[in-house]
Amino acid sequence: MNKLKIGSVGLGRLGIRHAENIAVKLQHAELTALCDINESLLNATADRLNVPRRYTRFEDLIADDDLNAVVIVSPSALHTGQIEAALQAGKHVFSEKPLGVTLDECRQAERAVEAHPDKVFMLGFMRRFDESYRYAHDKVKAGEIGRPVLFRSYSQDPEKFIDGAIAFAPHSGGQFLDMAVHDIDLARWFLDSEPESVYAVGGCYAHPEFAESQDGDNVSCLMKFRNEAMVFLFAGRTAPHGYNVETEIIGTKGILRIASVPQKNLVEILDSGGVRKECSENFLERFSESYVNEMEEFVDCIRTGRKPEVTVYDGTKVSEIAYTCKEAFETGELIKL
Amino acid sequence: MNKLKIGSVGLGRLGIRHAENIAVKLQHAELTALCDINESLLNATADRLNVPRRYTRFEDLIADDDLNAVVIVSPSALHTGQIEAALQAGKHVFSEKPLGVTLDECRQAERAVEAHPDKVFMLGFMRRFDESYRYAHDKVKAGEIGRPVLFRSYSQDPEKFIDGAIAFAPHSGGQFLDMAVHDIDLARWFLDSEPESVYAVGGCYAHPEFAESQDGDNVSCLMKFRNEAMVFLFAGRTAPHGYNVETEIIGTKGILRIASVPQKNLVEILDSGGVRKECSENFLERFSESYVNEMEEFVDCIRTGRKPEVTVYDGTKVSEIAYTCKEAFETGELIKL
Amino acid sequence: MNKLKIGSVGLGRLGIRHAENIAVKLQHAELTALCDINESLLNATADRLNVPRRYTRFEDLIADDDLNAVVIVSPSALHTGQIEAALQAGKHVFSEKPLGVTLDECRQAERAVEAHPDKVFMLGFMRRFDESYRYAHDKVKAGEIGRPVLFRSYSQDPEKFIDGAIAFAPHSGGQFLDMAVHDIDLARWFLDSEPESVYAVGGCYAHPEFAESQDGDNVSCLMKFRNEAMVFLFAGRTAPHGYNVETEIIGTKGILRIASVPQKNLVEILDSGGVRKECSENFLERFSESYVNEMEEFVDCIRTGRKPEVTVYDGTKVSEIAYTCKEAFETGELIKL
Amino acid sequence: MNKLKIGSVGLGRLGIRHAENIAVKLQHAELTALCDINESLLNATADRLNVPRRYTRFEDLIADDDLNAVVIVSPSALHTGQIEAALQAGKHVFSEKPLGVTLDECRQAERAVEAHPDKVFMLGFMRRFDESYRYAHDKVKAGEIGRPVLFRSYSQDPEKFIDGAIAFAPHSGGQFLDMAVHDIDLARWFLDSEPESVYAVGGCYAHPEFAESQDGDNVSCLMKFRNEAMVFLFAGRTAPHGYNVETEIIGTKGILRIASVPQKNLVEILDSGGVRKECSENFLERFSESYVNEMEEFVDCIRTGRKPEVTVYDGTKVSEIAYTCKEAFETGELIKL
């Protein structure tokens, strides 16, 4: 079988990573086209990765008849429209989260996916493709920890990236939408259930700038899910030690902790700082393998005619919950669903 | 200076431990009298610890003119009355938590303490006397972690003691009062602030029996404190691995985790279970030293005329918060203070 | 540039892994041919990996003019002859360790490599391509731990593979040659120096069968290197917890420990076994990435005309040291070099 | 029963600690007398600990008829003579290691102990009284790790005390006698066996001053014991991270590691250094409890007429082995016993 021909749009940090993975790491796909409005970045990246076709307009990308699939890593506000247009143009679509920046957009995306049942649509919840998360998920599904009692998950960005986070704040949708969506996805994946109540708190502990966007630099929420499980999520932008994504699932028979030390590698250092492990710098380092794995899954779904585990409805559901968290945070009130 | 003469009431597990510590570990005090309604246990313990005087009635214990101080480790329902009577009888008083089983009782205890300003009154919040908690507290107070963002604390009893917990459930006041009070005390101690909102969830995940007492086998709450800090507390009775008390304080400049592995000792075992550490069995093992340290502090306060850091008002405040958590849990509503 | 065409000989566990990596993971190479005497295994593997050409005789493999390079994963006794023949046939050569089963063979391999200076020759010391070892090596070379004082390295195979190890014992050359060679390579790589004395001990602690091959089931040696560094190596076949390869480098300014817990992944389990991490099963799991990385390096050396960091002389040197350890073990005497 | 009256000689750091422990921590003993040639230190310490009798001459201390026991924490060169004199004077004797600074002295001490069979004599191998070492020892004796294969033990002093170590070097007897004796004692205790061969290496990696005393700043040895167990010991004076005493016992069925992270307490710090634990500062911090436990054991032996587990012959044996290590280190030759 010939290699799948993929075109990718958006060359931010994650867009470049996806492009590299498709170009270099995937056996059954090739990066045939790149699209970005920044022409010099576009050409430099395409040159480096030997990508023959370059587009500065998305409509030209999807008009390329050679392409089987499109990978969307553009700004969030463009996602829904591009998903719709790409499906319309007959492409399989992989899109980074979020599905849309409003719930209406999410539902619009749902309709687009429903209108093209023969196309593969996949959302980028890469944590599900991390080896350790997957291992833990298998154990939970096999009943090894009994009934889930508490699901706790943290997403912390390092303080050293704070300037970028502040600049991006007005467009991020707030931390629940920008960061906690991944934890929300994990909670639903591990618990197979939906929230019925949400209470959220937080604030600007170090950086008052976030208040201008009705956001905090650190926020958290406590939810009760329909299966009675408690869910505590924390998202922060001021981690002193590095990029920290950790999850704990307390069950009646066992407890699993994933990445409770966000270690960079297997090296332990003993020096004047004591006995220590250095930490992951950012999501690209921590989830390096996951990004490859999820793209392999996308390609494999197309090749084998399978549908991905995550559906477009999961995308809507996660956004819905994140919006509810945001509302709970902004109003200071308990929200029952 | 002569040794302080102490009489202790109540010979449950913790009562026996306090008796042993006073008898054996304290340099400046001696265990002069013991009191318990179970006469054979009383005599056996007193014989073993060489305690000359034995009483089956509390009024006889406090009538003993030789005694300088009384240690109260009796059932919770008796605390307030015994605190009052002991102070009235001219004794310094150390009492285990809670101060009282209702807020009225707590205020009654406050008045009793206020009426005897020359007497030392101390409540048994032993975690403050744990070497690691103290070390972390020093760092927080010295500003080493910046501004506190999230305070997270767990108290988990091992599943293997569940039968006792079920039997005791109707009298425990529920998990927030029985277990989480220590975490509430820690939160106030580390944050120097009070809660302004409380949301609590939980359930009977393994043992429906707790529902009969309007309790859960695992519960949690999320609070916002006046200084904006987020506080997440979790208490459970089904820990598969042992007795687990752990605390995390996330600050803007650093994060501290206390006992995130509840290790029994410094031995690591590599066998078919992987690389593992065995865990503490119960509070007496984990806080063995703390119980000695707090009693030394009590004795030292009496000897030097100091007042303990924890006041009777802290006892009321902690109970008040625990009751609010309990109400939030029972009603399912957010409570603003 | 066209993809490099590689033929691989030997389909044991590691041979299959190399074949898979070349076929699936390498961007700039393709697996064009496979060779094994077991025809059904050969065909099954070649079918699975879409490898067009299959040979049961090594001379046919190297006679294939399309091939640019040969990867040798055959039994140790065949290595030297196949290296020689493949170079002679004009192929670049990657060979698994050992270079030869005698020092004479090693020198024969040296002469073959010297006779083909335009060809890339690389030995499979995969640990050098492990991310954590590389990270530690960078730190040591940058002087971050000061002067190396003690280099300690363990190679332990899990007890559960003992039957295979016993069966293979007469052909393994003993543990110093079979297992410790990797640690010897690491010691030379980290220390940039050579041993000047060797003392070795060990025995059959659980499996007397190894004595028949003048081997032990667990052995160790202490060496002094010319730069004064102490080197302690331990190799064992009875690890109760899994596959354990760990290294410690104690320097005057810092200490590095690599993989002191041979964790399978980032999941921590809290259950009746305490707080634990499951361990790697075998070398294929632990060094999964390293095997890809080293093959990428081989291909890249060919494509860019570079020579690999490890030379054929390193192969001889490591064998020489392993033989010295073996002799020290067998005689019980200190050997000075 | 009345309290045991103890006199203690020597007010170095450890001498002061023993004095404090006897004065403050022991239930069944009291510190009745102190002896030191430094009169102002003597008086200051005695005042602080309320010790009534003070002597500047050892002969006066042991002439004190009220004393039941003498604790010897004087310079090593005085040990044997003081042990002999104290036993002669009818006292029970606790002595810090070493028994003597030559093997002749050790045997002289043996004869003194033999001449007073009614007296308790105990040597200060405090590690045996550490909770974690004891826990591990119980497991080994219960057969939980199968047959011991490798015993590895480290004693590392922090670099920050190097000036004192250099000043003391000419009188220390070298690192095997000064530091590794504790590891030698542990090896014999865990293995119940004696060495039959010793090879030792080391050097002055950071501090050439030690060479003047035929010592190194870091040394190690590999021994084979009669039960076939391998023993690797390492002693160093340049630890960058703190006071590090760790031990590993690899058995055929399990592996135990004691204090592989020399953590100060249960606090984990997450900051710019990564995720880290601070380390113990020195032996007084690490073995704080052990020093109390061993003195309690000494007192209990006297009170109950038992003999301590460690005999005078163990003291000789350990010295003998340490001298053999020293000789192996100085000559560079393998020594068979």
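In this document, chain identifiers A, B, C and D correspond to the written order of the chains, with residue numbering beginning at 1 in each.
Simple rule for what comes next: a residue touches a chain if its C-beta (ideal position, glycine included) is under 8 Å from a C-beta of that chain, and two chains touch if they have at least 3 such contacts.
For clarity, every value in this text was computed on a predicted model and none was experimentally measured.
Peer 1: Taking each chain's centre as the mean of its C-alpha atoms, give the chain farthest from chain D.
Peer 2: The most distant chain relative to chain D turns out to be A.
Peer 1: Please state whether C-D or A-D has more C-beta contact pairs across its interface.
Peer 2: Result of the comparison of C-D and A-D: C-D.
Peer 1: Find the pair in A-C, A-B or B-C that has over half of its contact pairs, by residue number, in common with B-D.
Peer 2: Checked against B-D: the matching pair is A-C.
Peer 1: With chain centres taken as the means of their Cα atoms, state the distance from chain C to chain D in Å.
Peer 2: Taking the average C-alpha coordinate of chain C and of chain D, the gap between them is 43 Å.
Peer 1: Hey, how far is the Cα centre of chain A from the one of chain C, in Å?
Peer 2: The separation of the two C-alpha centroids amounts to 38 Å.
Peer 1: Distance from the CA centroid of chain A to that of chain D, rounded to the nearest Å?
Peer 2: A distance of 56 Å separates the two centres.
Peer 1: Using the touch rule from the top of the page, what residues of chain A touch 2 or more other chains?
Peer 2: In chain A, 239-241, 253-255, 260, 263-264, 269-271 touch at least two other chains.
Peer 1: Touching chain D in the complex: which residues of chain A?
Peer 2: Against chain D, chain A makes touches at 239-242, 244, 261-264, 269-279.
Peer 1: Given the complex with chain D, which residues does chain B contribute to the contact?
Peer 2: 24-25, 27, 131-132, 135-136, 139, 145, 253-260, 263-271
Peer 1: Please output the residues of chain B touching chain A within their complex, sorted ascending.
Peer 2: It comes out as residues 146-147, 149-150, 159, 197, 199, 201-203, 205-206, 218, 220-224, 228, 230, 232, 234, 236, 238-241, 250-255, 260, 332-334.
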